[in-house]
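In the two complexes that follow, chain A is the common piece, with chain B as its partner first and chain C second.
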Partner chain A sequence: MPVSLLTMAPPTNLSFVPQKKAQIHMTETIAVLFIFFILILFGLIFYAQFQKSAFKEKAEELLQKRATETMLKVLFLPELACSERSLSEDNCFELAKVQAVVDRKLFEGGTGVPTEIDQEKRDYYFSIFSYATIKVQQLSVDAADENDESYVLYDHPLLKFTKSEPTFFIVALKEAPDTYHFASLDVTVYS
Partner chain B sequence: MNNKKAQMEIIGLVVIVILISLGMLFLVQFSLKEKPDEKAFTRKGLAFSTLSTLLKTTVDCSENGERRELELREVLGDCGANTFLSDPSSGETCSREPSCDYFARVAGDLLDRTLGVWGKRYEFQVQFPRTKEELFDPQITGEAGGCEDKERDSSGLFPQPTASVGIIESVLYVCE
Partner chain C sequence: MEKKAQVEITFHWIYVLIAGAVILLFFVGIVVKQKAASEESLAMDVVQIMESIFTGASVSEQTKNFIDTSSLVDYPLYFSCADGITEYGISGLASVQNTVDTIFAPSELQAPQLILWSLPFQFPFKVMDFLFVTASNIKYVIVGESGGFQDEFLDAAYDAEERLRIDVEEVSPLMIDIIKPGQAFHIRFIFLDRLSPQLPESVWTLDDNKVSAVVFSADGRTAEYYEKKGTSFQKMAGKSPVSILSLGGERDAAKYAAIFAGTVEMYDCTMQKAWWRLSYLIDIYREKLSSIQEYYDDLYASEAPFPERDCRRFYQEGGVENNFAMLLDNFQRQSSSCRELSLNCASLQQTAAALEITNNRAAGECLSLY
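Then we have the complex of A and B:
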């Protein structure tokens, strides 16, 4: 149908309004999503930091647990424990056994030229104690005497350790036949 | 209508923010929650072994050229017996020192050189179970003090008979 240019009405903005509305709506949605993802990102960053400190705490907890377990293993070692007529005594080491372990480096595979058996012994005790240092310190009754004796039973520290956890216990050191000395057991584990 | 829509969207945003904040609060609360003390078992075992070893420790009570080795348990028993003497200085001694003084000095010294050095506090109590009378007043405690108002672990009671005054009971408390 022919249209007269004179009578044609000027174009109004009403035909563009639905498009503008849609664009505004889209922009709003994008903004909401953007903010939402920013919030998620903050949440993830916070969670990562929290996990980092939780992981560190867990590692410390495991090291403490290992220290306690190693201590208990040492306390019940038959190579050190007091025994008389197949009866064992709790929290007691025989002085003669301790001295033998130190003199012969029993827990470290022996002295002298290492043999295959020595290597096996070293591996065996390493599988029990891992990286650790185990010491027994005999305390003299009179501090002024300065007669404290120290026995290093096992010394296998980790060369570049990041953390060490010392634990302490009290044991009786029995010197045959019936003399008991007051001693401390120091176990340090490394990671 | 448009205002209502905008308001609804803003409410939606606020709800999301509130939910995320609540979630973070729960996380923080969970991380700050106190974990059970896993060292309590080791501390209890330490108290028991310390007192058991202390009482078994052999000391040299020689005097006047006469060799005399006793366990600290026996010195403690002598101390108990001395308590009821009209003249305590006439009682049993160890290396010419009254048994109670000797025991308190040696026990305190040994415990300070171990528990004290390891940063632990302790209280050593000995009493007559029938009368609840304490043998040592003040109690034997560490240089850092005792365990008042602290969570403490007990060695358990160590009763021992004595020759003349019946049973005495010892107990060691260890705390951080």
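Then we have the complex of A and C:
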């Protein structure tokens, strides 16, 4: 019996349509999950970048804190501070002590062949100052005077430092018996 | 078909539940880890801030400072010293180690407020500042009398500002039972004049680690540490008695340190740091002595050596009996010996006293060494 193509009903395969629907639904779910995890990844990357800049800020803050602490420790070091019959003078260094520290490199374990005690002394002052440079620059009131002495008390910079933080303070430099000079205390810490 | 649909729906929800639980667990895991990390970070921050405050407090001598620790009142702070290393921090979270600073504190503190007190240790010149750490809830009870020390300590501990006031009470040995522990976290009894340490009934019910005692000898040169064991005191483990090497006088830092140190070990270990620092300072003063000698050699260049009024007699060998050159040499030798064995440190005391006398004599007419 001839069959008209126009009137021919479309193929009705009842099991085919639900399968296709399920596959589409599953693909949708997978796509949603995929996008979800992509978003989480973006969130993590953003958080990591934020933490990176927060760490950098914190490192700078710690370096500034260390600079201030080191300056404070140097200002009140009994090895340098002026004292007269057990009464100490604030913001004052004795020139004799400063020269002793510089000439004998007392903060750096001494001159010459280092002994065990010298190494101990070096480690001791390193645990106080860490990586730093400490200088006392004598200042003269007369600008024409070029005899401004510079004393390097401690010089232990970090070999490949990324940051340095200098701090300055004005101190009095007492020369026996009763002469005072102005001096600048320069403390630079490294990280 | 219906059954297939039912299974499919059921499986669909099971799948949702499992996936949901996994995602939830993932986020809960992040939150828990982050909480632990934040706690550790906070503890580290607090300990670092304490370190800065301790640095500042220790250089401002003869001053008291306080730290507000009310946010950490649930966390005990610990202090210890062993092998020349002081360690302090929050138990199990963060700590700091320090080989230089001399900190005398109880072994454990848990208080809304810490009190920091710095006193210079002179031997005979300033060696370093001792930092005493205590708290508003630690009670000190002085029992007995010893040449006015109890009045001096009471006066020193008192402060016009209430939050800097150390809780110190004075009682006679016969009235010791009137002591009320109150809300004290720890009670430290200070027995003067070698009195036997008696434990008052009012503290029998406290935990053993909440009560301790330090007993000073009659001359104040030695001290013994005791801890509570039930209803009596027992000597603490460790080397006992400890020697208190100092030149006496008011606000004797070494003696006060014995009151604030939690244990024998803390006192001995921290004092050892002071002796190390002394040995490095002696080098500085020897160099200073050389420059003073040069100064006077130039000054008296044309005069005969050691005339009656010549200041050089104080600084050079062959001058006065206890001249600086001889004393500093002895001091150096004794200091080296003290570093090897702490029992040898006692010899430093006599030399320090002699240096003080010579310095006072020299200061009247010549340059003083310190």
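Just so it is clear, the second predicted complex is superposed on the first by the 173 of 191 C-alpha atoms of A that agree within 3 Å, B and C clash if a C-alpha of one lies under 4 Å from a C-alpha of the other, contacts with A are read in each partner's own complex, and residues count from 1 in each chain.
Operating definition for what follows: contacts are C-beta pairs under 8 Å (C-beta built on N, C-alpha and C of every residue); 3 or more make two chains touch, one makes a residue touch a chain.
Quick caveat, the model's predicted, so the values are computed rather than measured.
In the superposed model, A:Thr179 makes contact with chain B only, not with chain C.
Looking at the shared chain after the overlay, A:Leu153 reaches neither chain B nor chain C.
Residue contacts after overlaying the shared chain place A:Lys65 against chain B and chain C alike.
Contact with chain B, but none with chain C, is seen for A:Leu139 once the two complexes are overlaid on the shared chain.
In the superposed pair of complexes, A:Gly43 makes contact with chain B only, with no contact to chain C. When the shared chain is aligned, chain C comes close enough to touch A:Arg85, but chain B does not.
In the superposition on chain A, contact is made by A:Ile170 with chain B only, not with chain C. In the superposition on the C-alpha atoms of chain A, the part of chain A touched by chain B in one complex and by chain C in the other spans residues 65. Residues of chain C that touch chain A in their complex: 8, 19, 52, 55-56, 59, 61, 99-100, 120, 122, 124-129, 276-277, 280-281, 283-284, 287-288, 291-292, 295, 359-360, 363, 367-368, 370. Only residues 22, 33, 65, 69, 72-73, 75-76, 78-79, 81, 83-86, 88, 94, 96-97, 99-101, 103-104, 106, 121, 124, 127-128, 176-177 of chain A touch chain C when the two sit together in their complex. Residue ranges on chain B touching chain A, taken from their complex, read 9, 12-13, 16-17, 20, 23-24, 27, 31, 38-39, 41-42, 45-46, 48-50, 52-54, 56-60, 69, 71, 106, 109-110, 113-114, 118. Chain A contributes residues 28, 32, 35-36, 39, 43, 46-47, 50, 53-54, 61, 64-65, 68, 71, 90-92, 139, 141-143, 167-172, 178-184 to its touches with chain B in the complex.
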